[in-house]
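One structure is given below, represented as structure tokens, and several questions about it will come after.
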Amino acid sequence: MTEPVLEVRELHIAFGALKATDGVSLTLRAGEIHALIGPNGAGKSTLIGLIAGSLSPDAGQVRMNGQDVTGQDVAARARAGLARSFQVSAVAPDLTVLQNVVLAVQGARGGSYRFLRRALSDRSLTETATAQIDRVGLAPCRAIPAGDLAHGQRRRLELAMALAQRPRAFVLDEPMAGMGPDGAREMTVLLDDLRHEAPILLVEHDMDAVFRLADRISVLVAGRIIASGTVDQIRADDQVQTAYLGEERLP
Amino acid sequence: MRREPLINLVIILLLLAVPLTAQAMDEPFIVTLATKVAILALAGVGLNIALGLGGMVSLGHAAFFGIGGYMMAVLAAPVQAYEPLMTWPIELAGTKSMPLIWLGAVIAGALGALAIGALSLRTSGVYFIMITLAFGQMLYYFAISWPAYGGEDGIAIYVRNGFPGLNTLDPLQFFALAYAVLLLALLLAHRLGASPFGLALAGARQAPARVAALGIRPYSLKLTAFVLSGAVTALAGALYADLNRFVSPSMLSWHTSGEIMVLVILGGVGRLFGPVAGAALYILLEHLLGGISEHWQFFLGLILLGIVLFARGGLIGTLAGREVAHD
Amino acid sequence: MSAMLLIEQALNGLQYGVMLFLMAAGLTLVFGVMGLINLAHGSLYMVGAFACAGVAAATGSFWLGLAASLAAAAAAGAIVELTVIRRLYARDHLDQVLATFALILVFSEGTRWLFGSFPLYLDIPAALAGPITLPGGIEYPLYRLVLIGIGLAVAAGLFWLIGATRLGVRIRAGEADREMIAALGVDISRLYTIVFALGAALAGLAGALVGALQSVQVGMGEPVLILAFVVIVIGGIGSIKGALVGAILVGLTDTLGRFLLPAAFGTFLPPSEATSIGAALASMLIYILMAAILVIRPGGLYGRV
Amino acid sequence: MNATKTLLAAAAALVTAGAALAEPVKVGMITTLSGGGASLGLDTRDGFMLAVKQANNPDLEVVIEDDQRKPDIAVQLADKMIQSDKVDVLTGIVWSNLAMAVVPAATAQGKFYLSTNAAPSALAGKGCNPNYFSVSYQNDNLHEAAGAYAATAGITKAFIMAPNYPAGKDSLTGFKRFYEGEVVGEVYTKLGQTDYAGEIAQIRASGADGVFIFLPGGMGISFVKQYADSGVGLPLIGPAFSFDQSIIQAMGDSALGVLNGANWSPDLDNAANATFVETFSAEYGRLPSVYASYGYDTANLLLSAMAKASVADADAFRAALKEADFDSVRGKFAFGPSNHPVQDLYVREVVRDGDILTNRIVGTAMEDRGNAYEGECKM
């Protein structure tokens, strides 16, 4: 088996007495979608923060492509190939869709410290950005300020920005949150296609989508992974059923 | 939005027409006032890079304004006194040449902004406001109490510094110089806003976590913008010192910071020509109200209050409508 | 340099610190609960001093003046909150800075209009005038000791108010989550007016108490305002405890710095140069302290950032 | 000034020889009327305008502007007065730092500057100018008076203190110039400092038998109140600025008995002064300060020169000014070689007179004192 793209080893972090992440280990391999599920307050957002670099662990390691990146900050991990989306949309509301995605291309390629040339006159930037916008189906909205987009469109914009980074791994935090059934279906198709570009660590509450997309599922409860396996294994796991699915399954 | 370029054009042409008319009518003082407007507008353009583009509410920009002013005096005073600027480690003479002084002011302003910004940007929001204010105040007290460079008396330069090919003592020619520098700064600020850097900075202002997740450090972006901002404001300070042929710690006081900020907001934050409109309005108000009452600052305060509460977006915002990028 | 002189200077620093605390407490409370930066806080300090001087001159009683200062500053605070400040809660810090900067102009020039340009007279009450002898033979002004006592008592009162009363519960809830207290049925705009007036009254009290030691004049609040900012940056915004620790730290640093630095420079420089350079550095010392604390703890000593 | 005008003026001078000359004089007064320190500028203006009103000379026109105590504003006002109002004479600046910003440029443009207060050493020595006259004093004078008198007042071991800025350093230098005792402590405080507990503790510990302070404005008020309350009780001496009419009311009884060096006092015994104090009090409802007296003298000096020469003839006008042929409220008054006064310096004591506090002369510190920088002045 090949080296995992993303690997987490024995991560610990505590806020006061609360052990938010308590010895978590998991891997993300090329070509797969690895779903991370768990009830509210299980520590999913904390774990994503640790992986992305906005939190530093008390103990443990985060490795990307075999390199230890635990000491690196968010920007450094992003440049090493980690793309993330946020649970609550974080796009620049006053910038247009195109400008937001150009920004993402800039981030991946460098060159943000050019002061006098018009960013939108740089065709190598805009062409890449436009391609990603078209891919997520936002072509008609290119010139609209991101703040004016509908909720579902903003989730797609997030995805376009992640794509424009040309990442080696995606970490997506509830990409379907707040989307209608149609939107969720389209997003599922899009994500299914994405896994060939780079593997995805997917945090999602929409169980239908998770069961359709995931190659593997890990279940996080109270800062610990209580089960990890294929869709069928997880479905059959009693502990998961009682701890989580029984009460949390949503229509 | 359509209307804004037209308004900008009118403002910048008015700023040119007023002193020309005044010169023709033999009212040189109005030329001097217009020069003051141009220079304060330049300081505002500098602050606007931090405030409008970067979202950094700096209440300490008097520090850079004053650093620029002092750079003028420190470089020019030795020439006046026929003494070298320094003899160790290398012997350096001072200079009375504006371009060299400007270069010195820009470098000193940038270094000052680098030091203050590097510390202040460790925080954000209201901390940032208070800390920039406090650092500005620290420089103010330093300038007053340090034995060299005149203390509170400041340094007077008896003859305005020179610019190749111009008689800078002639009010209109000095105005032309300040006006040209202002136009250049406006052009640069415009290009900066649309550049890759400007885009990243706008992102860092509106969604810092996202920009970091894209691989660009918001801290470095903001610090760079703060340094650029400080450098432009320092250039304005050098020109202002040359306008008065004098520099003193009052350039560094927090009231100066407040005034630069007030004129940016009067004109419209984040609007390219906001500082120009704001500086013109501010000077106009100061002179109109000052002629009416000894207590003109009372009325100035009421007018400012009215503008913040009821005319958001400043003068240009009110004339052109529709808020543009600023949060 | 004797140990007694050092103790006396430490007392001076403590007294300076507790007065700074009265200013900083109001600022930090208003920021913590309403998220508002108020540059005009120094004007309320001035209002307190002028009210005390005015009433004391008219009635001959410092204590009536002190009561008037609390009332006048609280009233000024409440009026400003009702007419101007409440329109600013939803605005960004920039609008708050500009509006409260404008308020400084209005307050300062308005006070000058009413009272003229000459400083007013306000003296220490006769009962507290003069020095007393402390254990160890230190002669120390009684009034300054009383100031230390009042400052610490107010601090204790504030801790009690926040920690153990219904108002305190609401204030803490307001700091944590504005929507939550609205949901609890608390009249949020009344709470804001009360908190603002409370902060104003504390500033007015400080102005009146310090006014008896100093010159009561227009603009007296601004240097104190900037020092109060330094205090809450050091202590951590929104934290009363931070304000107390920060204020005493700043008071001690400033007083002892002014005294010790010139002496320290005197060991290797000629006296007149030493005093002048020492004094220059001493005037920057608290800002250097602030920078140092920022490097170690960007959120301040008790900040939540 | 163009040639025709000068010719006309000369012709007029011939025709009306000896009588008052009808060449109008325009005076620009730049002083502090708003913000901190406005009380000093208001007194300067009121004293000056009182003399103008009493003279009722239609040829004298005065333009008054407020410098807000900001040097940059002062410079811009001077530019305006010279360029637009076309004034002949400038006057009125209270503060040395503003004077340093305005005076050299104004005299370089051939304008006269008559100082009603600020007279920094730079303008008395190397930077002196024939068109610059200080009617008040040279900055060091009042400190020198305090220094010269301190030993007489029994201060043999002095603790001396001033804010850490150029005028503060000049002040301590001026005090020490004629002080015959020992200086046991020398402290520079922060400009604008309001709490002096630390310094007072140092005074107590220093073993001094007297204290000299130069703390203008609110700083002085704060210090004197705190000093009185501390119970240190050593004699206090300073320059008149710190204990003048405009501020001693705010010090209250704390100021009683404080000595201060001055060149004028309301009880100075001469006819001009009696008239001045009486008319000023009647006109404005308060006692005049030293600033008001300087403003009054400056206007009278100017009027005396106008009676002798046309301002169009700069040399003659300058000579007329230099004669100082007017009834000064200080009694005797003459200009020395650097256009600064040669005058008697006194020491006053703060006393209570009915409801108000005022100053009374207790002794003469120096007679016919010029200043320490005259030797460096080459003109």
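A few comments on the model shown:
Each chain gets a letter, A, B, C and D, in the order it is written, and its residues are counted from 1.
Keep this in mind: a contact is a pair of C-beta atoms (placed from the backbone, for glycine too) under 8 Å apart; a residue touches a chain by one contact, two chains touch by 3 or more.
Since we're looking at a predicted model, the values are computed, not measured.
Steps from chain A to chain B, taking the shortest chain of touch contacts, total 1.
Ranking every chain by how far its Cα centroid lies from the centroid of chain C, the top place goes to A.
Rounded to whole angstrom, the centroid-to-centroid distance between chain B and chain C, based on C-alpha atoms, equals 31 Å. Averaged Cα coordinates give chain A a centre that lies 48 Å from the centre of chain C.
For this pair, chain B with chain D, the centres built from the Cα atoms lie 36 Å apart.
For chain C, residues touching at least two other chains, in rising order: 109, 112, 276, 279-280, 283.
Under the contact definition stated at the top, not a single residue of chain A touches 2 or more other chains.
For chain B, the set of residues that touch two or more other chains comprises 141, 144-145, 295-297, 327.
Chains that are in contact with each other form these pairs: A-B, B-C, B-D, C-D.
Residues 188, 191-192, 194-200, 202-203, 205-207, 209-217, 221, 224, 228, 324-327 of chain B are the ones that touch chain A when the two sit in their complex.
Partner chain B is touched in their complex by these residues of chain A: 52, 54, 73-76, 78-79, 83-84, 86, 90-95, 99-100, 102-104, 106-108, 111-120, 122, 125, 161, 165. For chain C in complex with chain B, the residues that touch the partner chain are 31, 35, 37, 84, 87-88, 91-95, 97-99, 101-110, 112-113, 222, 226, 229-230, 232-233, 237, 273, 276-277, 279-280, 283-284, 287-288, 290-291, 294-295, 298-300, 305.
Contact residues on chain B toward chain C in their complex (touch as defined above): 51, 57, 59, 119, 122-123, 125-127, 129-131, 133-135, 137-138, 141-142, 144-147, 254, 258, 261-262, 265, 269, 295-298, 300-302, 304-305, 308-309, 312, 327. Chain B contributes residues 27-30, 32-33, 36, 141, 144-145, 150-154, 156, 158, 171, 240, 244-246, 248, 250-251, 290, 294-297 to its touches with chain D in the complex.
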